[in-house]
Amino acid sequence: MSGLVHRFDLRVYYEDTDAAGIVYHSNYLNFAERARTEMLRGLGFGQQVMRQRDGVGFAVRRLQVEYLRPARLDDRLTVESRFCGCGGATLDMAQRVLCDEHILATLEVFLACIGRDGRPRRLPPELRRALLPNFCREARSIVQKTP
Amino acid sequence: MSGLVHRFDLRVYYEDTDAAGIVYHSNYLNFAERARTEMLRGLGFGQQVMRQRDGVGFAVRRLQVEYLRPARLDDRLTVESRFCGCGGATLDMAQRVLCDEHILATLEVFLACIGRDGRPRRLPPELRRALLPNFCREARSIVQKTP
Amino acid sequence: MSGLVHRFDLRVYYEDTDAAGIVYHSNYLNFAERARTEMLRGLGFGQQVMRQRDGVGFAVRRLQVEYLRPARLDDRLTVESRFCGCGGATLDMAQRVLCDEHILATLEVFLACIGRDGRPRRLPPELRRALLPNFCREARSIVQKTP
Amino acid sequence: MSGLVHRFDLRVYYEDTDAAGIVYHSNYLNFAERARTEMLRGLGFGQQVMRQRDGVGFAVRRLQVEYLRPARLDDRLTVESRFCGCGGATLDMAQRVLCDEHILATLEVFLACIGRDGRPRRLPPELRRALLPNFCREARSIVQKTP
């Protein structure tokens, strides 16, 4: 399955932490968004390209996060991202944030493809074609089974 | 049910928005955390007080967000928060973000009470007593039924 | 001088703090921007109104910050803002962040009025008229003299 | 002089931008802090190491930023950092944010070395020794001369 997962590395800086000494919980969503952006860019669909050439972008419609262990200042994190489904105008992803093999958080993210007016738009056919070989049927169960 | 819901108002500033012209999705989690903090403060449990007097704090263990409509620069938002359950060391809340009667987002947030070492700790008995009259059995269904 | 100074109150939440237990230094810029926004709104120049009606907005061209004391979780802060000069397309402001009479930080902020294309635009005449009675010649020296 | 400058690359994501379509002004401070952190880490002084082994950290005492051109979504930025002076308990740095050879912003940052109690502490001697060969007398003038 390793061919189907995208890995994105990042470092925890002071700006990411809070007075409890750990990464503030909403910043995991930012980390996950960076990873999705790089995964799409790797397939040829940078955010600006999509906006300007295709007139579309992605908006988060729904997400679930499970926080298992805290990340701390200076930690080197990896975000693993997998596509796990798509509809006409939607895209589902499963993501995990890891540090040294430990799973810190799991996310399920449901995206909608929208036009410049904010209304739903069909996924560009080229994007759909690029995504298809990268889908991972088991991705969602992987996220759900994390201990 | 109005006695059981806490309302917190806030304004959307440039810092909250992104290049799509709307509030960046992770900032709803920040708005919700501000509202929870004020709700607890209103019951006599400010974050610093809890940390220093009781040696405890709350960590987000799990959350679900549904994004229904975008918020924009200068919008005046209201976060409604309801307690909807608690275990020995956990607290569940249902929250909604509104703008002019429109529901923009709904959140279910599962919190763990933790000690200074990050390990689970029982809810302080005074907090439990203060919370009890504020529980709302229907809170979760309210969130789930949002159209 | 009290008629010339705008006061804006805010609360410090977890999102504003970092692992050093204090407010992260760049967040003072956000606090100051919230205060400028409310000061302009109070004069009838909300950001969205200016963008949509007048086709202009403000961009920060230069700023200086001096950090004197740290703010902490739950602190109630006040941002004081004064206009201290303007050119054809620029506006200078002096701001201070206080907590219980203590000055935590002082800022000098130089703004440029820009059009939708990002190029300099003259200040709208109505804004200039609204600002004039609010200028404070001594504002900059006040900031500079903070101990 | 190339031996004396530290370069740090980063990407602009949605979280960094605002409704004006450009990077929000306070985020340049975050970018600069990431770069300083990596520069110090490269010399063997990671933030956690300094906090735990040496009991010290750095706090920003004063900073000046000049914004010359905006950065946008997906931009690949470089932060150049130079040490330009130090006192017994202080460290001065000059930084620039670039995109494709264009200078977007320049920063002068004055740091204080502080102990766990937040009070000034002398720079650890090993850090001073590590810094010395990296000082750049002309660094400040470089920042000031940016057109």
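Residue numbering begins at 1 within each chain, and the chains themselves are lettered A, B, C and D in the order written.
Everything below uses one rule, namely that contacts are C-beta pairs under 8 Å (C-beta built on N, C-alpha and C of every residue); 3 or more make two chains touch, one makes a residue touch a chain.
Computed from a predicted model, the values in this text were never measured in an experiment.
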Check your understanding: Which chain lies the greatest distance away from subunit D when centres are computed from Cα atoms alone?
Key -> B
**Study point:** Centroid distance [mean C-alpha coordinates] between subunit D and subunit C, Å
**Key:** 24
**Study point:** Intercentroid distance (Cα basis), subunit D paired with subunit A, Å
**Key:** 29
Point to revise | Centre distance in Å when subunit B and subunit D are each reduced to the mean of their C-alpha atoms | key: 35
Point to revise | Shared interface positions of subunit C, touching two or more other chains | key: 14-15, 20, 22, 26, 30, 33, 72-73
Review point. Line, ring, star, complete or other: which one describes how these chains touch?
Key: complete
Revision key, fill the gap. Within their complex, subunit A touches subunit C through residues 14-15, 17-22, 24, 26, 72-73
**Study point:** subunit C contact footprint on subunit D (complex, rising order)
**Key:** 20, 22, 25-27, 29-30, 33, 57, 59-67, 70, 118
Check your understanding: Once bound in the complex, which stretches of subunit A touch subunit D?
Key -> 11, 13-15, 30, 33-34, 37-38, 41, 46-48, 72-74
